[in-house]
Structures are given as C-alpha cells and as structure tokens.
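Presented sequentially are two complexes of chain A, the first with chain B as partner and the second with chain C.
Right, the complex of A and B next:
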C-alpha cells in the first residue's frame, strides 16, 4: 500500500523525524502571496484599460501594450511559479522523507527567481521586450533564468538522489517533467542574437519563428501551468481529503499520455495561418486527443474525494481544490473544442480565447494556489487568523471567475460573429471596426468587475495570512483545515 | 478501507521505471522530444514559393527602427498581422497572408488578439498625415476608438547608432539588405525619414525627420506592400497568358 498517500504525516506523528527545511517553504509562501497581489492588480488594471481607455494614463510606462506583458509575466512566472516552487519544496521533502539536497541551492533558487521577477518589472514597463508571448523578457534576464533553473534542477535531482524512500510518487514525476521540459522550451525559444544590452533578434524568422514560439507558448501552458499543478493536485488533494488517490494505474497512464501528447499541440495557435497544412493538422489532431488524458487526470482528482464529499461542504481547502479541478476540466474541454478548425475560425483573435485562458488561470491555477496556501497556513503557523474570511474569499473568487468568463464568452461570440457577417449583397455588414469594439464595452466592464472581485478575495487572503503569520486575530479551533488528520 | 485494486500498483513497473529517478528523467525527455522534433525540424528546411519570395525584401533601416518601436509599445497585443483566408477577412483587409511575406520578420508579429483591426494590409490604406494624427489621438480620426494615444513618439528621436547595430545584427542573421542600405544604414534611414517629413509639410505638419513617429509611420506604410507586388505580378502573369 502506498503509505505516504494514504497516511498523511501529521505534526508530531510517530514517523522518524526528518529535519525538513521549513524556511524555504515559508519564503516561497510569502512570495506567492505578494506576487499574487501584484499580478492580479495588473490584470484588473489592463481590464480597466479596455473598458475605459483613459486608464492608460497617457504615459509610456502604463499603456496597455507594456502593462499586459507585466500582468502575464507576474501571474505566470511570479504567482503561479512561486506557487509551484512552494508546493515542490514542501511536498517533495515529505514525499522523499529527506531535507532538500542543499539549503544553499534552495536559497539561490529563491532569491534568484525573485530578482528575475523584479528585473521583469523593471524592464517591461520601459518597453524592453522580445515580443514573444510569455517569453517577453530580454536576453540578459533569459540567461539569468537559465542559470537559476539549472541550480533548481541540481537541487531537485540531488534531492531525488538522496531520498529515503525508494518509490517516486506520481507528484514527483509531474514535477520532474516540469523541470526538464521548461528548460528545453526556454532555451530553444530564446535563441537569439543580441544587438545591444536590451535588444536581440531571434535566430528564426517568419512562420518558423511563429511555430517555435507557439510550441513554446502552448507548452508554457502545458508544462508551467498544467503539469506541475497536476503534481500539486496529486499531493495536496489526497492530503486535504485524507484519502488515497483514486487510481494509481490511471495516474501512470495520465502522466505518460499527457506529457507525450501535449508537446504536439502548439500549432492550434496558428490555425488558418501560413503554417504548412500538415503542421496545422497534426497540431489540431493532438489537441483534440488531449481531452483524454486531461479528463483522466481530472477524474482521478475528483474521484479521490469519493466518500469525502460531505467534507467538501465544510472544508474550504477542499472547496478551493474541487472548484480548481472542475475549472481544469472545463478549460481542457473547451481547449480541444477550440482546436477544431471551424470553431477556431470563430474563436481565434476574440475575447473567447481570453475567457478560456482565465477559466484555466483563475479557476485552476489561482484556486489551486489559494487552496495550497490555506492548507499550509495552519501547518506552518498553527492556526488561521480569520477562518470565516476563507469562505468569503472562496465565494468572491468563484463569482468573480464566473463573471469573467461568461462576459468574455459573450464578447468573443459577439465580435467573432460581427467580424464575419457578410450580407446578401456580398458586403460586410459591419465594415466599421469601431462599431464592433463599441458593442464590447459592457462586457469589458463586467469582466473588470469580476476581476476586481477576484482581486478583493486575494487581498482578503493576503491580509488574513498576514494576521496569521503575525499572530494576531483569534485562533479558531474549529477551522477544519487545522484539524489534525486522522 | 481501500478496496480499490488499482491503488495497489503491480510491482513490476515500479521496479522497472518509477523507482528509478534517472530513467524517469530520460523517458520524460524522450516523450517530449518526439513531438518537438517531428514538428520543428521540417520548419528549418522550409522553402518559400519562388514566385512570391522574389517580391519580398527586408525592411529598410528606418522601417526596422519603426518595427522596433511597434514591438516596444506592444502594438501586437492589440493588432494581428495575419489575414486568414476567409471571405469576410479578405473583404475587410485584403489578400490573405502568405508564408513568404513573413520571411524577414524577426521576431514574427502575427499576434493573437484583435482588439483593434488587422494591420497586415494597412500600408497605403491611409496617408502619412492620417497616421500622424491617429497615433497622437486615435479618437480624432476614429471616434469611439479604445486605442491609447502615443504622444511620446512625437518627442523622442530614433537613434542612428541603434539602427546601425540592428541592421548589422539582421545581416548576421542572413537578411539580404541591398548594398545601398547595408553600407550606411543610418544615412539611408535619414534619407527615407526626410522624405516622410517633407511629405507631411503638405498637410501643414511640421515634424523633424528623426522623431520616432516618422519611423513608425514608415513601418506601418510598408505593411502589405510585398503582398501588393505579388498580387500585381500574379495579375500580370495571368493577363499575359
């Protein structure tokens, strides 16, 4: 029997004490909370700019074109990235029953990564960008990322090498694939020739550059926002539910098919482009197949809760996890649908894609992150300052997501249909582009509202965790997450 | 208790694979290598349609500077340069986009959003004065626009030295700049910019040639010109037959 899954180690249990590095866990914990606020604030701001253009503030540094990459980098690499590192440094030590390979490397990784984020925040508003989505950072920062990543990889594999348990639990495979694949993607997509300290030109050109970028870009989604988060799901969901993972065999099939299929899917970002037809066809076919492993993984997560559903109603951590996994299922249903050529013909370029992105980003990544923070807080600090706020956060976030994605679907369908409307006379029915833009304004405001609610929830969380860490507030013994696992 | 058999893994593959960190690492890289190699390698040997590529030339030094501004300002986050082969798109924008047109796009600028209209065919659609007014205050030419104003492009100057460095880099990457541009890129850029600022005088617009807005206009007016040349050649070939 798979001991470390079925029997979550409890504080002060009889298991032989391992001197885990808790400092690094706390550091990544703090960074996750801080960057969540920064990244989401930037998101709400760009959302406002589309609803009300004066929010560009008429200066170069805060226009949409410069702030949007700041948003995407901050939420993906700073918020989601630190969430993943938090989860890995916490769970890996426990799964392998050993301290990390080297504290010095852990510290280097932590501080190196935070410096990279600060460097991003200091370059993107000044327009220093490579213009490739999610690979905007300029070449000196790219080199720094590569160095920090290698250090992380050494620490990661070093820890595997010195592990005290023989078996590598499924979460570790997902982490491993993340560590290795992100390195490959990052290096290949960023090969470029510097012409100054802040500018470089990629060695690829035209459609080749486009395919390399979307091979990267899609797999940034796959191997930064999906694979490691699935690893987190496989660790934290069974832990929080105090049940074994539903099926070990399914997790094996899930892992290998997901990793093998995902890497092919990039061309679904280039359907109906000048990319050769065979590449478009292959990319679309693999994207559609991806629904199988994605839903396999989702079901493995949800079915882990069988027999524990009554707990979901009362345990806010499980609530966050269940909603996260459900949105994962939704995004990975929508994605394959959007890879069907005619559907993509309608959805592409529209706000529908933005809605799809955020059902994954807000629902899956955001809620997994929040759930893990709330799961860990009582384990790190012994309690949570304001348990009732967790519930409020959950509902603010959930309603925020729904407002966000429903408004973006509506906006996407509206503009998609209006762009393509051709009358009986063979002429465009809406030749004036701005008249279509006009129709989206209400949807942009609703999205702004949804995003703002989501942000308010995150602020409540940050405040709550701050009080928790500071030792303020009133300890509440009834908080389910703080209850010792049986 | 746990009645689910699948949660008790058969031992053989654990012994064989999942207990071996090194092997897992090799296999998971192999799993991603297959798709990557199959999709990417053929792209490096891609050949352009000869009758198209002969009409495509690298951007001029000034256009390179304008393109760098386009990238810096993140215009690609609101504008695509990718007309799809649909009737509604060719009606709205013009010829659909061909692979050869992008030959000298480093980095590519296809974009993934259309918060504003596609720009791949915008060259020649408006005159320079329109762009000059539009970039300063988009609502002056397009009431209801949500595009931000770009007033700083009218104060800042492009740098000749940057242009030299950029063109040198692009030549290293294999772009075939004609000799009159490669020899002294910034002088060529200045000449082209001068012509634009002279042209703007006819609209009572006084702008010195070294302003960033001039470079950006040069770039915008270039977009789609190669496609036009291709289309004219196609038409001529058909007419001649």
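Right, the complex of A and C next:
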C-alpha cells in the first residue's frame, strides 16, 4: 500500500536547464554564517554578564543594556533573516523554474540588508534606540529597511509573475506571508515623528503604543521566525529525506489557520496590564487555538520522514531538521500555555520566557539554519571538508540547547515562586530582591555553558564551511550528506 | 488501521521534484483543533460572562482572602512605648536602618531622625506612613510590605522615643577648616594622631562595611581589591571626599583631618 516514490536527486535539474542565479545564493550563504557567529557571540557575552557582571568591561558601550539589543537584532534580523533569504533565493528559483526577476534587485537587497545590519551594530552600542523591543533601530535605519524590503518584495513577486510553473508549491505560500506581513508590521509599528536625526517619537501613545508594539513583536515571531522557516522546512526537509510530503491537505489547512490566528495573539504579551480585559482574553483564546495549526507544521515535517527514519540516524542534515521541528512543536505548546493568565502570572518577567524564546530560537531557527547550510554546502561546493565535524556540531548544539532551556526553566520557576512567596505572617518571604537574584547565579552559569557549547558548534561549522569553500580538508572524505546534484 | 492513502498528487514537476501525498488529516489532530477552539470560546465566555473573572475581580478576591487570613495586616498598629516594643524597635532599627540613618539616628544617606526637622511629618501617623510606603524617589525603602504593620509600629515608636527634638545641625557647624580646594584638599600629613581609628570606624563605618571590614552595603575593605586605590593616601582621599554617586559619604564635614587619617590607617593596616 505504500507507493514508494523515488525522486532521483537530479530530478530538479533534469528539467530544461535554467540559468539560476547562484551568486546571490552564495552571498547570502556567507552572510548567514558570518552573522550567526556575531549574533551568538553577543548572546554568549550577555549571558556571561548576567552570571558575572565584570564582563561588561566597565564602560557604557559594552554594558548589558546595549549589547542585549545588539544580540537580538543580530540573531533575528541578521542570522535568521539571512538564513531565510538564502533559502528563498535558492529554493524559489528552483520551485518556480526561473531565474530571479532581476539580478540588480537581488544585489540591492543583499547589500542593503547587510548595510542595515552594520548600521544597527554601529548605533546600538552608542545607545541610539527607539526603546521598542525588536524595533530598536532609529528612524533613518527604519526607512532604509522599508526601502530594501519593498525592493525585495518587487523582486519576489516579480519572480512569481514570471514563473514557468502553474502550481505554487506550499513553501512559496509561506514565503509570501513573510514578505507581505513583515512589510505591514514594520511600517505600522515604526510610524513616528523625528525630532532629530537620531531621535523620534512614536505617533501612538500609552496603551495604544504598547498594543501596536506587541502586535508587531508577536508577529515578528510569527512571520519572521515561524512562517518563513516553515516554508524552508517544506522545501529542504523532503529534499533531504527524499520523501514525498505527508499531506497536501494538512499543509493548506494549517497554513490558513496559522496565519489567521497568529495576527490576534499579540495581547498575550500584555496580560495583567492596563490593556482592556477583553483584549487580553481574546489574545489568550487565540493563542490556545494556535496549538493545532502549529503542530500541523510539525506533523507534516515529521510524518514526511516515514520510511526515512533509518537515514535520520546517519544523516546529520536530517538530524538537525528533526530536532528543529521537535523544538518548534515544544515551543508552540509552551507558548499557548504561557498565554493563560494564571500561568503567565508566574512566568512573566522571569527567565522562563527567556527559556521559551531560546527553545524556539536555538532549536527551531538555529537548527533549521544549520541543517540548510550543511545541505547546501556540498551542492554549492561539491564537497564538505570535515564531515565528522558536522556530527560533533550537532551534539554540541543539542546539549547546549538542553542546558540553556533547562537552566532557564529552573531559574524562571525559582524567581517566579520566590517573588510571590508569602510567610505565615502574611508578609513577603523574600522582600529583598537581591537575595532572589543571588539564587539565580548558578542557573546563569549553566546557561552560559550551554550557550558557549552552542557557539563552539557554530564556530566549528563556520571553520568547516570555510575549509570547504577554500578547497581544503580531505577531498576524498565520504560525504555525510546526500551526494550533490550531479 | 491507517487511513493514509499515500498516493502522490503528481505535480512534482512543478515543485522541483518534491512529491506530495494528499493524506487525510490525522483524527487526533482534528480533535485537538476543535478542542482548542472550544476551549478558546469557553475561555472568553467564562472569563467575562459565566464566572466573571476580570483582572479587577481577581485582584479583589485575592485581597479579600488575604484580609480574612491576616486581618491585622491592612490595619495600622497603635503607638506603644512599652519596653518590649521599644526593644523590638531597636533591634529592627539596628538590623535595617543603621546603614542609612546611623546607629545614633544622626543621619547619613538618610536624614537625621533625632532632630526637630521632619521632611514628611514627625507625628506618629506620618512616621508610620513614611515607613510603610517609603520615599522611592529619594532612596528610602518601603518597609510596610517587608516588615508588616506591627513591626513598623514598633520602629516608629522607637524612632519617636529616640527623637530629642534638638535643633537641626546648622550648616555653620561645618568645620571652617575644611580644606579649600575640595576634592584635591587631601591632607598630606597622614600621620595618625591621637585619635583612635578603631573607635572611629566602629562608630561610623560598621553599618555599611561591617565590623570585620568584610563589607555589606559598602565594599570589602580587607581584601586586595580597591575601587579607588589602596594606598594610604588614596584611602584618605576616598574617605575625605566620599563617592556620593554610589552612596559613600564624604566625611570631611563630620570628621577632623586627624580622625580621617586615623581611621584610614586603621583600614589600611587592618588584619583579621
């Protein structure tokens, strides 16, 4: 009853040869690796500062408050962003059987985006910020982002317009939701009145500002860190496993339910705030309804591997994907639970939220990114310099994530419970805030260790890919990943 | 058992060779989806209409439960000058207040509590209020949530019993000899005079640096780590000028040059 479909690796290129733009793929490939190192190094650095404050080097430019947004911007917009662009420019040309609409626009997009990141890295340490989380960058940079994004959108939709196929594969739908929604989110949340070149005031005030900010913040998670990565999963996972996607029907249903429900869930970041009660309730309800649509993606990924599980044991690319999809499933169960008010009352403001963030970020986004880089390396360079390092990277990363999340859960529960602990006399048991912070130190060190392992893995990857690109290493080493397309 | 047909849709040539099955949605997944939708709708109905549990209602319920469990907590306790209460007050004062108000209530980071001058009122009610709510903007902590009304009452009673109503120290009291040139006015003669460094330290410094110099509010003074320099001259300068932005007092108006030299020498030479 199992109709076994074999897809010759070369099928894609067996079609009438299309002259794909490989240069832009290589460019985004390089940028992804470079920014992964920068962003994760910043993450490990701020993690160290929380465990041992002298690591702030006692000058304003490298203190926690300035490096933390540098970390979040570098990992989200630089690392995750370039990963997505890499995947889109590589896969959409093949899925649509056409070269990109315009090479010039591709180049503008690439260099514009890298310049924006450099501008972020140059302004944040100097304290230039809008003070909106994940939208810290000051207005001139915001305008640059809008311009680059519109150029990207023209190139993206232009390519869809000139496609040589009729059917739009599911990955493309997810990419579309990313391109459209991020544009709307970015522009609406950053509307502000400049008072100088570096300073502006948002046009919203008070609670409205907070609501717009978290409508943006939450959907940055949804449409920057989730839907485009699902698109990548739908292309690279079946490719790497060489198996058909489990269910087309499921992909349609979970796509539409996901994008519809996500937009409403933002208020779960503002529970127990001055936001009207009903809006908080709606945010919580929509978050709960998000479990199944999210798991639809996980299911379609994992069930696609039916019949390929033996290969998961040996192919590190598939290992990265399986762990990524599993952490995605975990984070999207944890998140809805944290949206329930009483649970949020315990979790909010604690390290639990940070743990939740990084099971998504390190597990889902990071491991999808690594898997794609390792999948592409032999296809771009015809080989991989140090195959055994890939396996080592996988284990360092996995153990690092576990240490990170478990320590942050423990820290979050510890502080959440200590803050509210009331003694028999009805008074706070730990009135001295510092005594609670003191208790977290061990957890901060464990998180630092986990983060450092994750970073070491990423450094090994960068080194490996550098050798690969340079032509070093042992040329006849057996590839751990499927042979390159021809 | 499985409803999966595993039949490919057949448009792999339109998706770079990736085939797609069109398997039905797993039953448990559909069940989960409906369950969460029902949960969501029920959550909205329940929170607002069935057992209205608005944030305010939650807050009030919790406060009511607390009021029942600890009926005295919300109330203010009366002034009580009995010896036991004053002893408790003194104990609490020593444990919590000396770092800022000094053991003799003469003031340091926080104001003098002995004199007749009050920023926030010197009657019992006002002192209880100040203690309960603190003055966050000026660095006076709120003690109500920490100590509770009984202990706050004991403290207020103690403070008022110690209040002599003396005239506030006039600015003229500042030693006219305070070296001109402010920060640079470090005494060059650091020979300890007759003043007893240990006694001065114990009277003025232990609240923040502890009697064994191991540090509390202020840093450890017996280790080798010095923020502002560990030579005798540098220690004299730090004591003389203070580090106001971090809470270390400038002692030049309260101690004479000899006393500063003596206490600096005591710190410099201290060994366990």
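The rule is simple: the second predicted complex is superposed on the first by the 467 of 486 C-alpha atoms of A that agree within 3 Å, B and C clash if a C-alpha of one lies under 4 Å from a C-alpha of the other, contacts with A are read in each partner's own complex, and residues count from 1 in each chain.
In the analysis below, a residue touches a chain if its C-beta (ideal position, glycine included) is under 8 Å from a C-beta of that chain, and two chains touch if they have at least 3 such contacts.
All values reported here derive from a predicted model rather than from experimental measurement.
Chemist: Please tell me, clash or fit, for chain B and chain C sharing chain A in the overlay.
Modeler: clash
Chemist: What is the contact status of A:259 with respect to chain B (first) and chain C (second): first, second, both, or neither?
Modeler: Only chain B is touched by A:259; chain C is not.
Chemist: Classify the contacts of A:272 with the two partner chains as first (chain B alone), second (chain C alone), both, or neither.
Modeler: In the superposed model, A:272 contacts both chain B and chain C.
Chemist: State whether A:299 touches chain B only (first), chain C only (second), both chains, or neither.
Modeler: Only chain C; A:299 stays clear of chain B.
Chemist: Now for A:427: first (chain B), second (chain C), both, or neither, which partner does it touch?
Modeler: In the superposition, A:427 touches chain B and chain C alike.
Chemist: Looking at the overlay, what does A:18 touch: chain B (first), chain C (second), both, or neither?
Modeler: neither
Chemist: Mind working out whether A:118 is in touch with chain B, chain C, both or neither, as first, second, both or neither?
Modeler: Neither partner.
Chemist: Does the superposition put A:162 against chain B (first), chain C (second), both, or neither?
Modeler: neither
Chemist: Return first, second, both or neither, reflecting whether A:191 touches chain B, chain C, both chains, or no partner chain.
Modeler: Touch status of A:191: no partner.
Chemist: For A:281, is the partner it touches chain B (first), chain C (second), both, or none of the two (neither)?
Modeler: second
Chemist: In this superposed model, does chain C or chain B come into contact with more residues of chain A?
Modeler: The larger set of chain A residues in touch belongs to B.
Chemist: Output the chain A positions appearing in both contact lists, the one against chain B and the one against chain C.
Modeler: After superposing on chain A, chain A residues 1-2, 166-167, 244-250, 272, 282, 286, 427-428, 431 contact both chain B and chain C.
Chemist: In the complex, go through chain B and note every residue touching chain A.
Modeler: Result: residues 2, 4, 6-9, 13-14, 18-19, 21, 24-25, 28-29, 31-32, 34-36, 38-40, 42-44, 46, 68, 71-78, 80, 82, 84-89, 91-92, 97-99, 101-117, 142-152, 162, 165-166, 168-170, 172-173 of chain B touch chain A.
Chemist: Given the complex with chain C, which residues does chain A contribute to the contact?
Modeler: 1-3, 5, 7-8, 11-12, 15, 91, 94-95, 97, 165-167, 169-170, 235, 238-239, 244-251, 253, 257, 272, 277-278, 280-282, 284-286, 288-293, 295-296, 299, 303, 336, 425-428, 431-432
Chemist: Per the contact definition, I'd like the list of chain A residues that touch chain B in the complex.
Modeler: 1-2, 6, 49-50, 53, 56, 58-60, 63-66, 68-69, 127-133, 157, 160-161, 163, 166-168, 173, 176-177, 180-181, 184, 188, 193-196, 199-213, 215, 244-250, 252, 256, 259-264, 266-267, 269-270, 272-276, 279, 282-283, 286, 345, 348-350, 353-354, 415, 419-422, 427-428, 431, 433-435, 437-438
Chemist: For the complex, give me every residue of chain C touching chain A.
Modeler: Listed in rising order, the residues are 6-9, 11-26, 29, 32-33, 36-37, 39-41, 43-44, 47-48, 54-55, 66, 69-70, 73, 145-148.
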